[in-house]
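Two complexes come next, and they have one chain in common, chain A, joined by chain B in the first and chain C in the second.
Take a look at the complex of A and B:
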């Protein structure tokens, strides 16, 4: 009974921790610009992250090796270094965007200068990491993120034309560059590399073994699957309210407007609170992911469970990444723009992250009975094909569409 | 010094930089094409629409004042920025000067209304008035877009 309860808590945390600033921005913009037409791309991304998170968690639980260890093992030092540089760049941009997101939400709640809240938010994160154990950090942000269930209630309240909504789940290919840019953005926002870096290293932080494989599968498939409902709801809520009015959501605060429209101040506060926990959790995940990757690549002692004394370089690098994130967030660039760039650049780094995971998870000599079965192999390769195509298209689309600005 | 390797390397660097240079070239010359003017006015319409939603929250007493103030400030700054961008640029097609002038005026009007909302984020009467005037400003922006795209009667 206790084990079931523990698994349920993990799933709930995965649901609440599913969204980050990239999901919030891209799904809301996708709804405003294309109404429900990109719902299929959201589902495509959610299934993709569930497939690869399950694989990376399984590899970590069975072999005791997190994703970046596997990357270096499979790709060798040279390509591993390329993967490290690419993923560190993307993780840093993501961290800066999440810190900026924290500051914007705090500004909307308390109306004080943005720059002050970037620092305040980062200090609060350091305090939370110092005070809570690893599992506690995950749950703190995961449960808080559940406040965003208000988006689902908003959709129910809006009562859109469900036929139109259902039609959005059928893939349609519009030839416009802007549409394709948002397909890439919505898909990539769900599959940000830091998510699997953090997920697999987290499995080791929590001491997972073969006995946790069921928990891993439920977290990845059920937790992320239900978490994906929040992304779907954001597209619908935004498409319902913003699309007919011609609103272009270029600010994080706009994400909360549909909830204010449905439930007044209560809806607004729940939405802003949920957003705060989501971007806060993602700031922790992306900063940890950057430090995990560096430490694992260089063979340092790593892990929150080790504490600063036993893993001093890991802890120091985490603080350095946080300071760099603060510096970028304070640079005056709009965090929403940083988010768009981090999501699109992440697509380019995706093949380097996911190919080694796919190869090692399917390697029977390494994973024995826990290697990928037929379903995981098929889905894994299908998704890898999609990732490669999108990686090739991402930068040209970014330039042609002026980062979605048309 | 300039052996085949260096030459190849230089060509590679050029091949990498050229697309980026071409992509950024149209934005650097300061000339505003009809399409860009159109997009600028469309974004003014979008700002006015978003402002109406924020003002609507104030009018219905269904928002938090800090949120309304911060949103009004952000949207107002965007409208002001758009006004400056439109006013500063040289028009590629001089016959659209009237529309540009009208767009700058609408942008200023939207920025002014949002500034008022920023000052009175808890006043329902002001909220309702700002909402009404922003709807009018949006209509003006839409009319300019229609003129620019040749859809106006």
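Take a look at the complex of A and C:
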């Protein structure tokens, strides 16, 4: 009974921690521009992250190896180094975007200037990391993120034409570059590389073994599955409200407006609160991911569970990444823009993130009986194909559409 | 090492995580030394000074600027194969990191984070 309870708590945290600033920005914009037409791309992304999170969690639990632990062994040193540089760059951009997101939400909540809150937010994150053990950090942000369930309530309240909504789940290929750009964006926002870096290293932090495989599967399928409903709801809520008006949301505050429309100030506060936990949690995840990758690639001792004294280089690098993130967030670039760039560049880094996971998860010499079965192998390679195509298309689309600006 | 035998060096040994006798992560197998005929692994080579030799020429030049040239005993260390205790999901050594000159684990960097409150 206690075991079931513990697993349930983990799943709930996975639901609340599913969204980050990339999801918030891209789903809201996708809804405003294309109403429900991109819902299928959201589902495609959610299934993708569930497949790869399950795989990377299973590899970590069985072989004790997170993603960057095996990257050199499977890609070779040179390609591994390229993957390290690329993913560090993307993780830093993501971190900066999340820090900027924290600051914007705080700005909206407390009506004080943005620049003050970037540093305040980062200091608060360090405080939370100092106070809570690893599992506690995840749950703190995961449970807080559940405030965003108000988006689901909003959709029910709006009561859109459900036939139109259902239609959005059928893939349609509009040939306009802007549409394709948002297909890439919505998909990629769900599959940000830091998520599997963090998830698989987190499995080691929590001391997972074969006994946690069921927990891993439920986290990925149920946790991320229900988390994905939040993404779907964001598209619908935004499509319902903004699409008929022709509004194009360019700041993070717009994300919360449908909830205000439905439930007044309570709705707005719940939405902003939920967003704060989501971007805060993602700031932790992406900054940790950057340090995990560096330490694992170079063979350093790592982990929050070790404490700074036993893992000094890991901890110091985390603080440096945090400072760099602050610097980028403070540079005056609109955090929504940083978000878009971080998501689109992450697509380019995705093949290098997911190929080693796929190779090691199918390798019986590492995984024995826990290697990928037929379903995971098929889905894994299918998604890898999709990722490679999108990676090739991402940058051209970014340039052609002027980063979604049309 | 216990149970000497054949392994796929590149598949199983190269780039693998190294842990010392206390289980601390202390580096990776950045290269291996092979001797004899048929060749046998006689040592693990560890250190950032070895990175350039793993890279194509242009990239190597760039990395060498950061790592410096190979200095044996400095940024490039030789761990004799006899010091390897076991190959599991890591390469486990028989001794503590400092006894093998492996930069004492992370110890030299400890001053940076010594005062952080979550130790």
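Simple rule for what comes next: the second predicted complex is superposed on the first by the 406 of 406 C-alpha atoms of A that agree within 3 Å, B and C clash if a C-alpha of one lies under 4 Å from a C-alpha of the other, contacts with A are read in each partner's own complex, and residues count from 1 in each chain.
Going forward, a contact is a pair of C-beta atoms (placed from the backbone, for glycine too) under 8 Å apart; a residue touches a chain by one contact, two chains touch by 3 or more.
On a predicted model such as this, the values are computed, not experimentally measured, just so you know.
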| item | value |
| --- | --- |
| When chain B and chain C are modelled together on chain A, clash or fit | fit |
| First (chain B), second (chain C), both or neither touched by A:111 | first |
| Partner chain in contact with A:265 - chain B first, chain C second, else both or neither | first |
| Partner chain in contact with A:307 - chain B first, chain C second, else both or neither | second |
| Touched partner set for A:171, first chain B, second chain C, both or neither | neither |
| Partner chain(s) touched by A:385 [first = chain B, second = chain C, both, neither] | neither |
| Touched partner set for A:247, first chain B, second chain C, both or neither | first |
| Chain A-centred angle between chain C and chain B, computed on Cα centres after superposition, in steps of 10 ° | 130 |
| Touching partner for A:136 - first (chain B), second (chain C), both, neither | neither |
| Minimum Cα separation, chain C to chain B, after superposition on A (Å) | 11 |
| Contact residues of chain A, present in both the chain B and the chain C interface | none |
| Residues of chain C that touch chain A when the two form their complex | 11-12, 14-18, 24-28, 30, 46, 48, 51, 54-56, 59, 63, 89-90, 105-107, 109-110, 112-114, 116-119 |
| Residues of chain A defined as touching chain B within the complex | 107-111, 241, 245-251, 253-254, 256-257, 260-261, 264-265, 268-269, 272, 399-400, 405-406 |
| Residue ranges of chain B in contact with chain A within the complex | 19-20, 23, 39, 42-43, 45-46, 49-50, 52-54, 56-57, 60, 62-67, 69-71, 74-75, 78 |
| Contact set on chain A toward chain C in their complex | 63-65, 69, 72-73, 77-78, 80-81, 129-131, 295-296, 298-302, 307-316, 319, 365-366 |
